[in-house]
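Just so it is clear, A, B, C, D, E and F label the chains in written order, and each chain counts residues from 1 on its own.
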Amino acid sequence: MSMAVVVRNVARTDISVVDALAEFGVATVHEAQGRTGLFASRLRPIYRPIKVAGNALTVEVAPGDNWMIHVAVEQAKPGDVLVVTPTSPCEDGYFGELLATSVVAHGVRGLVIDAGVRDVAALTEMRFPVWSRSVFAQGTVKESVANVQVPIVCGGAYVRPGDVVLADDDGVVVVPREQAESVLERSAAREANETDKRERLAKGELGLDLYSMREKLAQRGLSYVDFVEDR
Amino acid sequence: MSMAVVVRNVARTDISVVDALAEFGVATVHEAQGRTGLFASRLRPIYRPIKVAGNALTVEVAPGDNWMIHVAVEQAKPGDVLVVTPTSPCEDGYFGELLATSVVAHGVRGLVIDAGVRDVAALTEMRFPVWSRSVFAQGTVKESVANVQVPIVCGGAYVRPGDVVLADDDGVVVVPREQAESVLERSAAREANETDKRERLAKGELGLDLYSMREKLAQRGLSYVDFVEDR
Amino acid sequence: MSMAVVVRNVARTDISVVDALAEFGVATVHEAQGRTGLFASRLRPIYRPIKVAGNALTVEVAPGDNWMIHVAVEQAKPGDVLVVTPTSPCEDGYFGELLATSVVAHGVRGLVIDAGVRDVAALTEMRFPVWSRSVFAQGTVKESVANVQVPIVCGGAYVRPGDVVLADDDGVVVVPREQAESVLERSAAREANETDKRERLAKGELGLDLYSMREKLAQRGLSYVDFVEDR
Amino acid sequence: MSMAVVVRNVARTDISVVDALAEFGVATVHEAQGRTGLFASRLRPIYRPIKVAGNALTVEVAPGDNWMIHVAVEQAKPGDVLVVTPTSPCEDGYFGELLATSVVAHGVRGLVIDAGVRDVAALTEMRFPVWSRSVFAQGTVKESVANVQVPIVCGGAYVRPGDVVLADDDGVVVVPREQAESVLERSAAREANETDKRERLAKGELGLDLYSMREKLAQRGLSYVDFVEDR
Amino acid sequence: MSMAVVVRNVARTDISVVDALAEFGVATVHEAQGRTGLFASRLRPIYRPIKVAGNALTVEVAPGDNWMIHVAVEQAKPGDVLVVTPTSPCEDGYFGELLATSVVAHGVRGLVIDAGVRDVAALTEMRFPVWSRSVFAQGTVKESVANVQVPIVCGGAYVRPGDVVLADDDGVVVVPREQAESVLERSAAREANETDKRERLAKGELGLDLYSMREKLAQRGLSYVDFVEDR
Amino acid sequence: MSMAVVVRNVARTDISVVDALAEFGVATVHEAQGRTGLFASRLRPIYRPIKVAGNALTVEVAPGDNWMIHVAVEQAKPGDVLVVTPTSPCEDGYFGELLATSVVAHGVRGLVIDAGVRDVAALTEMRFPVWSRSVFAQGTVKESVANVQVPIVCGGAYVRPGDVVLADDDGVVVVPREQAESVLERSAAREANETDKRERLAKGELGLDLYSMREKLAQRGLSYVDFVEDR
């Protein structure tokens, strides 16, 4: 007997915060929150360049069974991103053009799935952003129930409904809802700080000097020798 | 002592049926024939978007040895697609610009290979469609014979010479020759059926209602609860 | 106690030889030097088409630690390509937009790394050529010293500082410094030889005849039979 | 600036419940809690047969850096099992004979690590149970701090300090602390239920009859035909 | 609508031939039939040493769904070996102690599965031979029908019901039913031939001489030089 | 035209040094030489416990072609260990019982191969130590020449003929010939140093104190907090 549950009306992160986070890249946001929240690198975008930010609408699915994605659509609110995880590893094509058409009609901005998708030519033409583990035409059944809008592990990251999911060419990161505003501030600060560095580096200043690394390098045992030809 | 054979004048699927199947995607055709015939997802296209349909010209090759591809060219008929499988796993670059030039001259439409290819910049410029396991410049020798135009397993799929091979951005599927016409009909029926669904989903109708899923979901034990903040 | 060393003023291959090699593809050069020097196929370009040739500036890095790349920048000379290998397998994002800005200012032409990179949207926009094992936003620390400009194994290839590294859509190959000129000559000879073949193959001449393969095939036991329908 | 924390005096599951759970296998307990809590199959035991149950002592480690395992030892209580996860994928040998000697002295019963271990000959002789992603002699540094006794994701499973970790030849499962007693009861019930089934199956009764599957199979479209020789 | 079928009373290979093949190893039989029929090396035994030969009882299963194994038991005849393939890649634990108890009662000698198994401690104690892709406790459902006793691709090998499956520490090989007797003869001849070679090699005779390789090596361009110290 | 060479009478490391190194484990020796020389963790022993040390007899082989192993036997001297690397990735069974019989007759102590082996039941019974990438019965041909006793990259490690290869349950490490004596001394020193530590750790002394880590941990930002129940 399954005991699966759909949690309705989950609290989301304020959409203005979500949209503001979308101004930054995944690498920046990941750094700004102490290098946490990254999804595994096996989740790759189906086209490039690509970018999305939204509130996580979390979905568990059985292997080879995409029924719960259909269930999840009803729970969608504008600004959501579907975050789908199979209950055991699977690379089947859980999601294609029809489902994309459906979720777009409900304001869903994109899909992050630790499994496969299909119809990627159509999804690319629609510019519907997807990060997936595989591209695979294999169809799925609708027989097993599982949870929707509960905390999940997807691509090795712990994601709660309503957390912010940000994804770009580099991959996917999750920002916990209650930290979204402070991460936003720190992302902005980090980027401001990088502007100056970028200019100095572009002029040829060495990171060794910019970051004052030489003394620490010597302490750790780095030494310099000159090249001698006869190898 | 090797006992390899080349089968000449293999019967092909009628080219008009092949070309008609090319109107549909791999996902559709795979569904239309009962979710069978897909190649493993490790076979990826070298560029996108991409599409081909043709009659399978099957080739076995020894690991690190592309001799039999040269042998296969002589057996090619316009509308064929090369389907190449190594007798043990190998990712060497079995196929490049010269072989592509040669097979195009004999009417070959594309290549599906559970191994590697090279010269992919040139192949892309030629728009010669290729699905491969890897891109690898490693050269191959010409020392071992193997079978041409016999039934093979390629990418986990069982393929007989003259079966239809259809491939697009989603991957590769094989349609048995004797089923090609009926699969074509069912693909058309399936696509027609999807047009109406797509429109209704685009207007926001839920799959839950369109497919009448609610009762079965309840029977399987799915329940709904409202979100409570303090997790 | 670490005992890491930076070798200064390493001898490079003459830049005119390097640039001349860039006229040829990785597959051609790999063949021209006896099918040696290829990097593993897991090193893939971050965009396509892509091409670079340069003198190897070799860098060892600890897992999750990109400190030595900063050290290496000071050793760069115009025409160098960074070749970076982790001392144990790692897919973290060792290199991004800031480092790219820095190395470009010092004349570095590209990066080959058997680990991960990030900011690939920006790197693509800059057209800074990169071959990497993964794309991953994971940040790295600056705590452990390692060697710069010593012989390394990267992607399974043995690379010495100042060797030529050539990379394109097919992958990466290293040419030992002392063989660069002769490999250049043989690459040119090989390509000249292929022009005639390409033309004959394009006209439909079979490789079987062009390469006189039929007798050897028969000796190795290949036979021909005609197709009989009733499988 | 790192902001790592060690949480002291974490509440554990009652050790009598932990020990009672050890009477059951991982497969049984996983089923008894609704098929949740399994670690990825890449975590394999270093010897067999093998079995352990304990309270999770959770440890984050930087790639190539085992410092936090040393920190964790001080937090150990008898009956704990170390659960170690790297902050990015790493297969280095984080744990060997010396650390095993140390943790055994503090009552630690075993190790689950989504990374590598070394000295496995000695660990096997000590009969110190370990489940790891790899066996690799690669040494680690002690430079980066990370969290100890906070909730982590290890092998794709979400684990909180003080949860029960059960592991055997089949792999690893986590039981949330607050559910440990009820899972224990359900495990016992499940096993009792299986005894009768096992006897009937051993006598040759078919699962088809024991589980009354025939009608449902027919409804789903399964049919029977007799073999005809001429394939 | 599923259209799955169970084929009853499939013809088997004569059991005396099957048992005689069991005298030989997988490597020998694979060679004796022209280096064909090997399953992929990812199928590994759950204990060692191990050996089985039997008639293939073929089973297709949906991902995460072991229903058809229950269906297959009814079709078993003494001397059969279950050969199970998922319709898309899956590593769930399709088979454990209860199913082993059941199939043993029906004369099944072992299991080859391109997916996962569980209860491996119990299976090992029962000495029930299993070759699988993974060990994973993940449970499976019983919702989707698929074919039993039809030709399948398992581990990349094409297997028809009633073919001989032979498996040992080296892996798994299939022998087509109609070739079983001749393969048996050739296996015996091959092994007889090796006895003499083994004795001569054990006495120190070189393979270079035993197989008369020196001339061919020279023709292919192998040369000998003496070591010079100063590399 | 191949240009392969066999180097005869390569200088070896003094066998007494080799044998003395065999007293230490791979992990210890790897540490003693500055954490260098490890082979990739994909090279696993075919049985356990296992141990060997010897002088590297290096062999390149073409994919699917074991000819050069036969050539190498003639170059063997008592105390050698075969180190075999394919020129492109291959998992075929290059080595089995007959070759083992032959090399043992020439004093070869074991095999390290970045490819596959077969007859592992027999090799295990003979207690012939092997570390390989795979176990696979796939046979190989004898058609392509390659180099013997030249420097190679095997499993990502750079190995020269006559270097010491040490392998145990943890994997494989190479010690450069000219460093063998000093690495031996440092290994002994390292092990002596560990004896005292092991005793203190066994008595419950914390690594935090034994290694005086507390101050550095605090400086790096580690803090301690007490557990609060209500998560």
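Operating definition for what follows: contacts are C-beta pairs under 8 Å (C-beta built on N, C-alpha and C of every residue); 3 or more make two chains touch, one makes a residue touch a chain.
What you see is a predicted model; the values in this text were computed from it and never measured.
Novice: Would you say D-F or C-D is joined by more C-beta pairs in contact?
Specialist: Higher C-beta contact count between the two pairs: D-F.
Novice: In whole angstrom, what separates the CA-based centres of subunit A and subunit B?
Specialist: 30
Novice: Taking each chain's centre as the mean of its CA atoms, how far is subunit C from subunit E in angstrom?
Specialist: That gives a centre separation of 39 Å.
Novice: Residues of subunit A that contact two or more other chains, please.
Specialist: 2-3, 35, 38, 87-89, 91, 136, 138, 143-144, 151
Novice: Could you list each pair of chains that touch one another?
Specialist: By the stated definition, chains touch in these pairs: A-B, A-C, A-D, A-E, B-C, B-E, B-F, C-D, C-F, D-E, D-F, E-F.
Novice: Could you list, by residue number, the parts of subunit F that touch subunit E in their complex?
Specialist: 1-11, 67, 70-71, 73-74, 91, 93, 96-99, 101-102, 104-106, 116, 118-122, 124, 134-139, 142-145, 149, 151, 160-161
Novice: Would you pull the subunit A residues touching subunit E in the complex into a rising list?
Specialist: By the definition above, subunit A touches subunit E via 62-65, 87-92, 136, 138, 141, 143-144.
Novice: Which part of subunit A faces subunit C closely enough to touch in the complex?
Specialist: Spelled out, the residues of subunit A in touch with subunit C are 25-27, 30-31, 35, 38, 41, 44, 48-49, 168-171, 173, 194, 197-198, 201-204, 206-208, 211, 213, 217, 220-227, 229, 231.
Novice: Of all residues in subunit A, which touch subunit D in the complex?
Specialist: By the definition above, subunit A touches subunit D via 2-3, 34-36, 38, 40, 87-89, 151, 153, 156-158.
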